[in-house]
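Worksheet: the structure to be examined is printed underneath.
Chain naming follows the written order as A, B, C, D and E, and within any one chain the residues start at number 1.
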Amino acid sequence: MTVSYTKKVSDCKGFGSFWRLLFRWRGSLYKLVWPDTCVYCMLYFLCSMVYRFGLDEEQRRIFEHVALYCDYFRNLIPISFVLGFYVSVVVQRWWEQYLSIPWPDSLALLCTAYIGGRGERERSIRATVLRYVNLCCALTFSTISPRVGRKFPSYKELMEAGYLTPREMKVLENQRGRSSAALTTLPMMWACKVVEGARTCGYVRDDHGLRLLVAELMALRDKAGMLVRWTDISIPLVYTQVATMAVYSFFSFSVLGRQFLDPGQHYTNRTIDFFVPIFTLLQFVFYMGWLKVAESLVNPFGEDDDDFELECILERHLKMSYLLGDVTPSDDPLAEDDEDD
Amino acid sequence: MTVSYTKKVSDCKGFGSFWRLLFRWRGSLYKLVWPDTCVYCMLYFLCSMVYRFGLDEEQRRIFEHVALYCDYFRNLIPISFVLGFYVSVVVQRWWEQYLSIPWPDSLALLCTAYIGGRGERERSIRATVLRYVNLCCALTFSTISPRVGRKFPSYKELMEAGYLTPREMKVLENQRGRSSAALTTLPMMWACKVVEGARTCGYVRDDHGLRLLVAELMALRDKAGMLVRWTDISIPLVYTQVATMAVYSFFSFSVLGRQFLDPGQHYTNRTIDFFVPIFTLLQFVFYMGWLKVAESLVNPFGEDDDDFELECILERHLKMSYLLGDVTPSDDPLAEDDEDD
Amino acid sequence: MTVSYTKKVSDCKGFGSFWRLLFRWRGSLYKLVWPDTCVYCMLYFLCSMVYRFGLDEEQRRIFEHVALYCDYFRNLIPISFVLGFYVSVVVQRWWEQYLSIPWPDSLALLCTAYIGGRGERERSIRATVLRYVNLCCALTFSTISPRVGRKFPSYKELMEAGYLTPREMKVLENQRGRSSAALTTLPMMWACKVVEGARTCGYVRDDHGLRLLVAELMALRDKAGMLVRWTDISIPLVYTQVATMAVYSFFSFSVLGRQFLDPGQHYTNRTIDFFVPIFTLLQFVFYMGWLKVAESLVNPFGEDDDDFELECILERHLKMSYLLGDVTPSDDPLAEDDEDD
Amino acid sequence: MTVSYTKKVSDCKGFGSFWRLLFRWRGSLYKLVWPDTCVYCMLYFLCSMVYRFGLDEEQRRIFEHVALYCDYFRNLIPISFVLGFYVSVVVQRWWEQYLSIPWPDSLALLCTAYIGGRGERERSIRATVLRYVNLCCALTFSTISPRVGRKFPSYKELMEAGYLTPREMKVLENQRGRSSAALTTLPMMWACKVVEGARTCGYVRDDHGLRLLVAELMALRDKAGMLVRWTDISIPLVYTQVATMAVYSFFSFSVLGRQFLDPGQHYTNRTIDFFVPIFTLLQFVFYMGWLKVAESLVNPFGEDDDDFELECILERHLKMSYLLGDVTPSDDPLAEDDEDD
Amino acid sequence: MTVSYTKKVSDCKGFGSFWRLLFRWRGSLYKLVWPDTCVYCMLYFLCSMVYRFGLDEEQRRIFEHVALYCDYFRNLIPISFVLGFYVSVVVQRWWEQYLSIPWPDSLALLCTAYIGGRGERERSIRATVLRYVNLCCALTFSTISPRVGRKFPSYKELMEAGYLTPREMKVLENQRGRSSAALTTLPMMWACKVVEGARTCGYVRDDHGLRLLVAELMALRDKAGMLVRWTDISIPLVYTQVATMAVYSFFSFSVLGRQFLDPGQHYTNRTIDFFVPIFTLLQFVFYMGWLKVAESLVNPFGEDDDDFELECILERHLKMSYLLGDVTPSDDPLAEDDEDD
């Protein structure tokens, strides 16, 4: 589930509210970074042991020179700049992907306004249109989200969940040869046919209504199509590799370069021996954490703590369509108002 | 209340106008930063006392080495870069959230143009539509803003404030089982039904009018929905934690690292002893202030001085709907113009 | 008046064209920065005099240590980063505010196409609608621009300038109790009523025309409302204070820190005594100039050289409305073309 | 083919998922950078050989001074800044170009809704309109993508692929004298005529339908035109040259400057001789890789691994149009639903 | 003419494609930077000569101190930061200005669909509307582009080029007293009148068509107006001056500061004398080139190699209007198709 903490930080009185966020585990820096940090520490202390106990005096002098060399020259790796620009591209794409998720609320309002009757037939039309929209969402989400994909591995599960009638399932299966893009478009074409038929039969009150409904279906289809494209077109691999390699090589050299050296040798800034490299670990946590921001956002429909929960959104969409089809006169504050006129 | 100072800085003659802003308290850097600064100073002077009076000569030498080490290596923490990119993401989201606040002025113009009569019935239709819009705003705002939430903890208060009729309240209460998203959509569905009914009865002058009204209601609903989503989907927690920890760890190490050391030891750049670490404090204030910019903007509907005042906006919306329903012939400059024709 | 130099830099042959811009005074760096620079120089030379003539040998040594300390540590202030991000936020807002200025040209085209007759009545309708738009602009501009506010301190001046009829003024005065937002909306509501009435009487040729006109009026109202909101919601005060204090504290410490010290003491990079601190002054001019960019753009409707001239735009809008109402058959190249058909 | 890896990085459990991307070859950093790296190594080791074996003692001292000089002063080249800003401009344009690719799915929905019949004539109209859209895409793509250009070097191939009838080919050939922009517009003009004719004959159900169809054709034409313009208007050559020269000159000086010098001379940070300049190579790979990001994205319709595959998109569009024309009653879940009413 | 090289860089196989761009002259860095570089070299070598041959021993020591001082302190000028942010603002505006150029292709499609007849009258209407659009473009372009301005210095030339009839010229001349904004709006008002008249006479097929045509004319007018405003509202002069002065002062101090000093004096990093300051020149070329990017893009309608060629676009628009008016039945693949129905 998306980690939502905005309400916890509604004011910054006293010492502010961000420090409280530091004690969270779900979706946190610690949770993401601890395995890498463990490996890093292991490597570090291995080197440290070798240096302290496994080398004779002369070998230690050589080790020290190599360490100083690594420490100095790893700074040639432009890690801040590359990460900064890369992460800002990823964060921007992350949010735009969120905005591409189709949301059927506007369609519900349109149905209320233009397919407004309380008869059985009108309800069925509204329900069918929304069902097709939900079907399109479900088909789309199951190609981009592994979780939804596991929930609906085939049309059968979709049928059981009420997204498909057996007849529709058969049609979709006949089309299996076609591209998947066409398959997600089909339900929207059916929805268009339904509203067009409803207009012909007079259930849609005027041509403007038909037009608004069709335009909204087009907009929803566009968003669904865009979602797939976001997933198909990744950030160019080169860019991701440059950022990843920068971080990894920076820290693999720091294993050597940031060893505590014999203070007796009086190397610059090496006058003290702490055993535990606090600052190096902090630096590791920050840069690696920054990279993890990118890793968890680059596919926001995955299974990270911070990814968008498409299966919840799907369920919400279903509920919305029930609401629309269900509203009975007794639930409707306007029922009598209208009669007053 | 939002701190508005744009009008005070309308020109930059003489010494400019920004220096005058430095003497403000509400929403100011000082107000946000002073508790942290106090704690920081306390810790700093505690360390200082220990160093100056609590240690013997040899312990002081060790302390000095630790201090120099902290001072040098805290610069490995990429605080500027992380904060710069983080704050610019936060500021951008802050403004986009402001733009998501629904504003019923356009709807008011539409009502004037298309539900234009001066009769009792037309007025009531206009008032009802705007009331539903206000109700939707109130329901939405009360979920995202603690202040509005306290003002309207339940439907009863909304009814007393005139947003709900008792009948509508009952309908809403019947739906309590449903998701809250559906609840905020309901009033808009009612509004759609009202305008559709009004068109059927001829109070809306043409089909274009109905369409514009429905489209505007959809747009308002979209904005209200977007507001909730802005709050649900926070900036990924990792990113916030990276920025926060960078600042906090940077300054916790500076407590040791920026101590004034014995000038007699001739450490580089440590040739003078001021007792009060002016530059360190300034640096603390700037970076912590920059972080506070993020803290106070990350939830712009909270209770900070600089947050948007949703309760004022709600009141303003109410007044606008009165204006629309109220305008009597004697207030209307066109009353006679029309008769001239 | 806005300083417009784009046409002067239409090519960059030879030595380019930007160097020519350095010799301008209106809206220039020099004009904005000279008072601060003078004060800065005064303080600098005061310190310089004290150091050179007012202190004995031992005091000068202490002064030198303080100066070196200030020089070194003022670099802890993250001035470039803070200013860079802050100014880019300000520049973006500046341009978006410009784009929010309402422009009635599209409305004029719509009137031409849909309220097209040459009769007295049609002309009067066109003129009235545009007058109301101009009135809305004038009311809005007078709340955000001090210059327009001085020109039209009350409704009386607006009436004298032809924006208001005495009757309308009375209506507005009756509404004085209401919020100002409602007041700027009122003229647009009148305009909507006028076009609706015109449609009823057949002066607007079809329902599409009415719809386009109402939609355009809504768009203009939106822009006018947005203008006010840009002014109400300033960039958070904390952000502005951080940027301002960074610059000011940076340079107040440089007064001490950049003094020319006795070359005889052989401090690093202090081997020469110029009396006039050229580089420090340049640095002052650049950073202070960068801050002044922000100061003059943060309120683009103020009285700086580079602010948008709302009073000119108002006059231009008026002329446009005259053009629209005035065009006589003899000015119209289509007059006879139409007859040919 | 575009390198798509988003699905491989759906979560970042354990050690995250980015390290797995480091072992890819297609579209990878290694594939792009290896030729440059080889040349760079060759030059480096040539210099190294000359220095180690080809020079006498005195010449080596001079060589060392030149090397130190190169090493120090190449840092004057602002490579990070220039590359950072340049690459972020390129990445932004790359994505906007992707968004400009015309996509006929919405048109398909519109046809379904408004040209809905199952008769021969309706099918033919739908197929023709979509064929013209595909033709416009094909003509546009063949001017911007070398691959599509090779596939369709002349109208004959387009005719054979079914985009053109012989008659249409003749018309296009008659227009050969005209600008190519006009040629890509022609099919859209035909499509407009087809839908207008269809409306006249009653195959388009209402005027709203005609309007939506024409508006969608305009939008598709706009996108196709925009695609061409993205290609015509490159990022200013100067900017590209500055970024390229910065990288190239930086590394040509590092061939000399980063040589391992005789440790016996005790130059700062030159105390060790590794023979293989690991850090210099890493730095080369990162900066050159960053430049390659720009090189492969600056023309996203080219033949790089990461370029958009316009020929696949064209084929997909064709399939979509078949789907639309083909749907037979037996495929249509609504066929009987409608009869039920 | 705009320098278009996108097609040359369609792939980055082998050594990539950017190095090939380095050998171009039109629109290149070299072409823009060589005059400044020459002057810079002259000044540099003048100083160099004075230092080497014109000073006695003591004066040279002073010169050296001044040089070291200049070299060290010019780094206080924040040139990278200021240039980076400034250039990114300029590049963004440059592209948005390109997008503001009006393009009549959509209007052409609309005319085809809605004023579709092949009669003399319909053709004349289409041609007239497009002529007015072209006239609006020509009037607008001639105020912002010096080249178009020279081509059409007065209405007479426009008339001769076929944009104006003598009658229309007279009307425009009568309006000369009015603001130029009004003048560019007039042709669009005429165009609106023409389409409105055409609708009245039945040449436009329905009200939707009239609406789309008027909306498109409004959009074109908006773009034309926006073009003028982009030129009127320059980037604030202060910002441009700060960036320019930063570059110029940085390099005027480097004339002194980067002189090769007597290696015999053993100043740090001054151990070698090359006579030709390669790195300083490279640095000059990069920063000056970066500034030239800004200089050539700040007015993209000027006469630089890389500016948009408005006169070509004008001609293209003319051709498009001929195409639209000209298409004869024999050119029309649908001519017989229609008859088949």
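A few remarks follow.
Operating definition for what follows: a residue touches a chain if its C-beta (ideal position, glycine included) is under 8 Å from a C-beta of that chain, and two chains touch if they have at least 3 such contacts.
Everything quoted here is computed from the prediction, not taken from an experiment.
Touching chain C and chain D together: E.
Steps from chain A to chain C, taking the shortest chain of touch contacts, total 2. Chain C maps onto chain E through a rotation of 70 degrees [Cα fit, steps of 5, range 0 to 180]. Centre-to-centre separation between chain B and chain D, using Cα means, comes to 39 Å.
Inter-chain spacing, taken between the CA centroids of chain A and chain D, is 24 Å.
Residue numbers of chain A whose C-beta contacts span two or more other chains: 32, 84, 88, 207-208, 292, 296.
Listed in ring order from chain A, with chain D immediately after it, the chains are A, D, E, C, B.
On the side of chain C, the complex with chain E involves touching residues 2-7, 9-19, 21-22, 24, 26-29, 32, 80, 83-84, 87-88, 91, 94, 98, 103, 105-106, 108-110, 112-114, 116, 205-209, 212, 269, 271-272, 274, 279-280, 282-283, 285-287, 289-290, 292-293, 296-297, 305-306, 308, 316, 319-320, 323-324, 327, 331-334, 337-338, 341. Residues 32, 35-36, 39, 65-66, 68-69, 72-74, 76-78, 81-82, 84-85, 88-89, 121, 144, 146, 165, 167-168, 171, 174-175, 178-179, 181-182, 185-186, 188-190, 192-197, 199, 201, 207-208, 210-211, 214-215, 217-218, 221-222, 225, 229-234, 236-242, 244-246, 248-249, 253, 291-292, 294-296, 298-299, 301-304, 307 of chain B touch chain A in their complex.
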